[in-house]
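You will see chain A twice below: alongside chain B first, and alongside chain C after that.
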Partner chain A sequence: MSLSPHVSHAASRIAQAVVVVLLAYTATFLIINVLPGDPISNMLLDPDNGFTPEEIAPIIAYYGLDRPVPEQLWTALSRFVVGDLGISLRSNLPVSGLVLDALPSTLTLAASALAVSLLLAFLIAYASQNLPPRLGQGLIRAIPSVSLAIPSFIVGIFLIQVFAFQFGLFRITSPDSFAATLFAAIALGLPVSAQIAEVLITNLDHEARQDYFAVARSRGLSRAALFGRHQLRPSSLPVVTMVALAVGELLGGSLITEAIFGRKGIGSLVQGAASTQDFPVLLAVVSLAAVVFVAVNLLADLIYPLLDPRLRRRQAARIPAPDAETLV
Partner chain B sequence: MATFPAAQALPFRDAWAGARRVPTAVILSFAVVFIVVAWSLLPDLFTHHDAYVGDTSQKLLPPSARYWFGTDHLGRDLFTRVVHGTWASVTSAAMAVAVGLVAGGLMGLLAGFLGGWTDTVVARLVDVLLAIPNFLLAVVIVSSFGFETTNIAIATGVSSVAAFARLMRSEVLRTSTSVFVEASGLLGGSRWHILLRHVLPNSSRSVLALAVLQFGTSILIIAGLAFLGYGDPPPAADWGLLVASGKDYPSSPWLVFAPAGVIVVTVLAINRISRWIRHAH
Partner chain C sequence: MHIDRLAVSRAATEILRVEDLSVAYGRQTVVRQAGFTLEKGKALALIGESGSGKSTIAKAVLGLLGRGEAKVTGRIRFKGEDLLALPERKFRALRGRAIGFVPQDPQNALNPVRTIGSQAHEAARLLDLPDGEAERRAILDTFALIGLADPERVYRSYPHQMSGGMLQRVLIGLAVLPRPDLIVADEPTSALDVTIQKRILDLLMELRGALDLSLLFITHDLALAAERTDEVVVLKDGAVQEIGASGQVFRAPASDYARRLQADVPALNPDRFRAVARRGQEARGGGGMGIRVEAVSKSFHADGRSLRAVDEVSFSVAAGRTHALVGESGSGKTTLVRLLLGLETPDAGRLTVDGQAVHGLSRDALRGLRRNLQLVYQNPFTSLDPTWKVRNLIREPLDQYRLGDRAEREARVLDTLRSVGLSEELLERRPAKLSGGQRQRVAIARALVLRPRVLVLDEPTSALDVTVQAGILQVLSELQAAHGLTYLFISHDLSVVRQIADTVTVLRHGRVVEQGAVEQVFERPAQAYTRALIDSIPRPRRAESAPAPARDHSYQS
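And now, the complex of A and B:
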């Protein structure tokens, strides 16, 4: 089998991803700039914000605010492409520095949240198949839909009230400690784990009804081998897609989680920028989030055929692969 | 040898047979939604306390027969505040769904029905909307338009456009290839006749299920944005803001968990109804 169909598929997907990122930047730029007039100038000229004319002039020159919007967009876009994210209106520092400072904390939180949510999802999925029905299987199966109805800020407040204030397991005055990060990760990861668990349970039930599952069982396979090899392995492929899709949710959710747990990260950076109308910072974070989201989904898309032999054969036969939505 | 799909039951008989064996949980869910709607329309029917002026000698009281959800730091009855906040939460969620349904539905309909370059443009637009995390998109829209509950609702609606567009497009493609649409075309039905009489009615169930689901999701997102302070400022009392102001009094946990419980029960009921619509056969 030659590699070329896979390579050309990858090339076209990468090109598509780049276009999506540039369009996402443009869309955010337009939301900020076109619809309600020019908020940057409005913000600068608002006497409450205390900018002197001498301070305003270089900012206007830098962003080209005295020129037409398409020209401003072109300036911003050509800077974005080479990695220049502009200068914060409030702190006068390069935005890329602010983002880089905030990034490690949020990455730690998001990665822990992802780990927590995968662990929880697989535990719930395992229990849904292997607990005796009378021992609360129905209860286990209800967990995902119930947790999908709970806003993550309430989970966060609950965890703080119970585990920080009642049991003293962590202190909110040191938000970067291991325990505090763990509980923040639980608050952030719970909705994601519910989504993954829901899909896993549906797929596990589906696999358990298949003929090859019955054959494997009749061969006398152990319960664990049966579950692992014939039920879990085919069921967990869509989890790759779901994890990729959850990246956006984790980034967005970090706003609430960081606010509740008092962490300094991308979420609190956005929170601060939103309340002071620091638009270059907002634009930078949104477009970087789009970059991350698109990159992770591209990766998931490209490794998917490597994980699923059925898909590889289908791709070779040039039949379109099912898209994420039908699998999820 | 060709196999034929099993004949589908008529939609009307389907609905009638379904109505007679509605699960208890769904009936309960409808009851919850009914109460919430009643709260939002006629709040004074359910409570006799004042939502804005409290009795400071009665502040921070735990839940009791007189104050079902306890009282807040100004001695206001929390149950009354929750009931009066229902209108803001429910209408903004409804507005969000309307924005997503109309904009996304139209995009998906045109993409699926016209195909060609319309489809390509809509597909890229949906990709872009999906690539920006919903919550961040909402924050950008709100900070650019102003911190108001109406803007929160619109922003939440915009972030759900992609989901509606994708579903509508796939539903249109699914029905357009069905035999009865082909038959209608052969009988001389125009494209718009087919769209309005065959494609739209047949995609309504799953779109309705998504709209109901999005209503619950919007309540959660709007509560989250209000919690972060992007909505109307106090003394407004939508559910998210009630939780936000309650969290400053950790020794009075009912201030957080009573409105939180209302949010969870409402969203749970709405999600159950959505699942019932999607799977009722």
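And now, the complex of A and C:
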């Protein structure tokens, strides 16, 4: 009870986040178990391999696949909690190692895509407010909805065709070069930037209609100061929400973008694991996605009160209520 | 060196001269060739109802009209310079520094995500002080000057941590901080409680004298304008109806419109609806109790604190009479209404409506009670579902209570619509196509269609203009006379209460301060708080000599 309200709020949110991740793991585990067969039988019962079911049984027992599903789940969960992701059925290597090898490439791509999308969204939104109508403000405002309509893989193919093949700005044979990463990030970030820009423009328009915007203007503020302090700052809250949601999209989209740009990342790992029913790897990747998504949303929740003082209500209550008698 | 003497003497006395000003949004002209002059050090009021163009003129003077959306012609000379001819960059240098602005609604006039101090620095920067610390001192000095008790705390606070009255003080402080010559105040007190209104206006007038400010004051309140300004410009539909010294226009208005405004100011005509109400009451005689509230208390708990919203309140209303609950925000009047409607349960005490206890009823009995007890909300702009037609809005209660067949319901809807003074061609309209007064009449019709015995009117005219308000009060008086309705009238506007109510309860912090017959409470208030409330009714200079004609016989709503 002696904890400050802010800390105890954060603690309860973190506890919720942990529960969500465990539920996501459980759900994935159960879905995989509903699929027909088990990976060992699928691999070894191929007539070409010449194994009989009697010979396979001990192997299945070794991996614990003959146990009832709840017991298997319990074993898997208790390992997951301490960070043991198991052994890949295909390569016999620890799954954690496989994931850690693939992760940097994907994280680099997703983070660059987020940076690109924020930058583009900000530029579009700034132009939507400050460009004179005569200089194509309407055109700027149309960009988000148009670019939303174009799927990112088309953008990717287009970018490769034009900038790799025509202009030779990057080589697809070295997909991890800076230029190749940048163009992959543009392909991935463009639809996300459109979503963020739409939300941002709507909110900037809303702020510009508020009384306090007019009052601030009557104080002789410059366009730039008005934009930064009285439009952008109050509009930043929904952008944080949008970014938190966009992270899921960036993770999903990166699998496709990696395939198009020939990058070795989580995408290729998943692809391989899915085609060979390498359950531990699939489980690990899905859980990882859940952890990232939950963590980003948790972060967004904790950022809100920093951006908007009205959301720090428990703390506000500690300031004594103004006494109308003496102060007004 | 040749100097034009006339121009010099003019420049010395004139601060603002508006000539032939017209403003149009698209095809809609909202200001038509308006012109007036404000002399240095004087206060001038632009008065008119919503849609009269008064706020648009204020915005034009401040250069806040969007250049793309509004078409502005004419001249606005500020110290001889035509503001309309200035490019935005040069105009910006005048904003704050030369022309300050005090807005209407203080709750939304400061950026909610930044501290008051940081917004005050925006104004202090215009003083060209050497550093931030000097600016800070100037800000704290100004906060002290405008009567804020703890300037340091205000400086650190966010807007949502302060009351409306304090925020309006801050906004006035921010407007006067850069020492402008002219202040434009757009209905600076209409969103505030009455006693605070008076203090804010006193502050504005004090600062005007101390800082040698000229004041352009926008208001819909003729009495307020007459009390606080030297000259008034009466506007209607964007055109100037009359210009003159405030006392003159107030005492002897020359234009028809100003005369009508004067007749509709409640403070000037306290007995306007008295005759109608008396007639109804005499025709019926006494008839039991409409509402009885006995020693009712109610507390709320939040964040570990407890608030006594209503504290041992008792009053009763005779059937067919009007009782007013008067109080400022936080006085407990809204909680009392919710208790009376059975939306809250009292901690102690008893409420009866038309002889029936409100609490401890079964669901069906409460439903039956509510048929007899209807509510008219404060804001007709939000209380009607915008997607419904007037016909359905009024008929819904009949459908809910399954009264009569289809034809009977239709007939009752039409009947009720006419009784509130609306014609049947409005039946197919939706609220967006109605004026504020028409909307409130629809809301009243909706409440009346069940033929209740008791009507709770929660500030039914506070969102409306005075002439529209007068029409609504007229309709309410006639309906009461015709059907013997009991009204519980919630208001913060004492002059309206004086006009419409028979008895009154003054509430403060959940307790009864004073109650009794309206004439007695108003003429011989026993408590200091009641006196303060009554004193806050605007009283123009020499108002005693003003003729107060009872014009209700000639009034057509």
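To be clear about the criterion, the second predicted complex is superposed on the first by the 281 of 328 C-alpha atoms of A that agree within 3 Å, B and C clash if a C-alpha of one lies under 4 Å from a C-alpha of the other, contacts with A are read in each partner's own complex, and residues count from 1 in each chain.
Here is the rule we go by: a contact is a pair of C-beta atoms (placed from the backbone, for glycine too) under 8 Å apart; a residue touches a chain by one contact, two chains touch by 3 or more.
Since the structure is predicted, the reported quantities are computational estimates derived from the model, not experimental observations.
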Original post:
Regarding the shared-chain residue A:Arg217, is it in contact with chain B (first), chain C (second), both, or neither?
Top reply: second
Original post:
Counting only touches as set out at the top, which of chain B and chain C does A:Gln271 meet: first, second, both, neither?
Top reply: first
**OP:** Please indicate which partner A:Arg209 is in contact with in the superposed arrangement: first for chain B, second for chain C, both, or neither.
**Re:** neither
Original post:
Now for A:Ala290: first (chain B), second (chain C), both, or neither, which partner does it touch?
Top reply: first
Original post:
How about chain A: which of its residues touch chain C in the complex?
Top reply: 133, 210-212, 214-222, 225, 229-230, 233-234, 307-310, 314, 316-317, 319, 322, 324, 326-328
**OP:** Would you pull the chain C residues touching chain A in the complex into a rising list?
**Re:** 59, 62, 64, 68, 92-97, 99-101, 103-105, 108-114, 119, 122-123, 126, 148-150, 157-158, 160-163, 165-166, 169, 171, 174-175, 178, 196, 199, 303, 305, 330
Subject >> Complex contacts: residues of chain A adjacent to chain B >> reply: 16, 19-21, 23-24, 27-28, 31-32, 35-36, 39, 145-146, 148-154, 157-158, 160-161, 165, 248-249, 251-253, 255-256, 259-260, 270-271, 273-275, 277, 279, 282-283, 285-286, 289-290, 293-294, 325
Original post:
Contact residues on chain B for chain A in the complex?
Top reply: 124, 127-128, 130-137, 139-146, 166, 170, 216, 220, 223-224, 227-230, 240, 243, 247, 250, 253, 256-257, 260, 263-264, 267-268, 271-272, 275
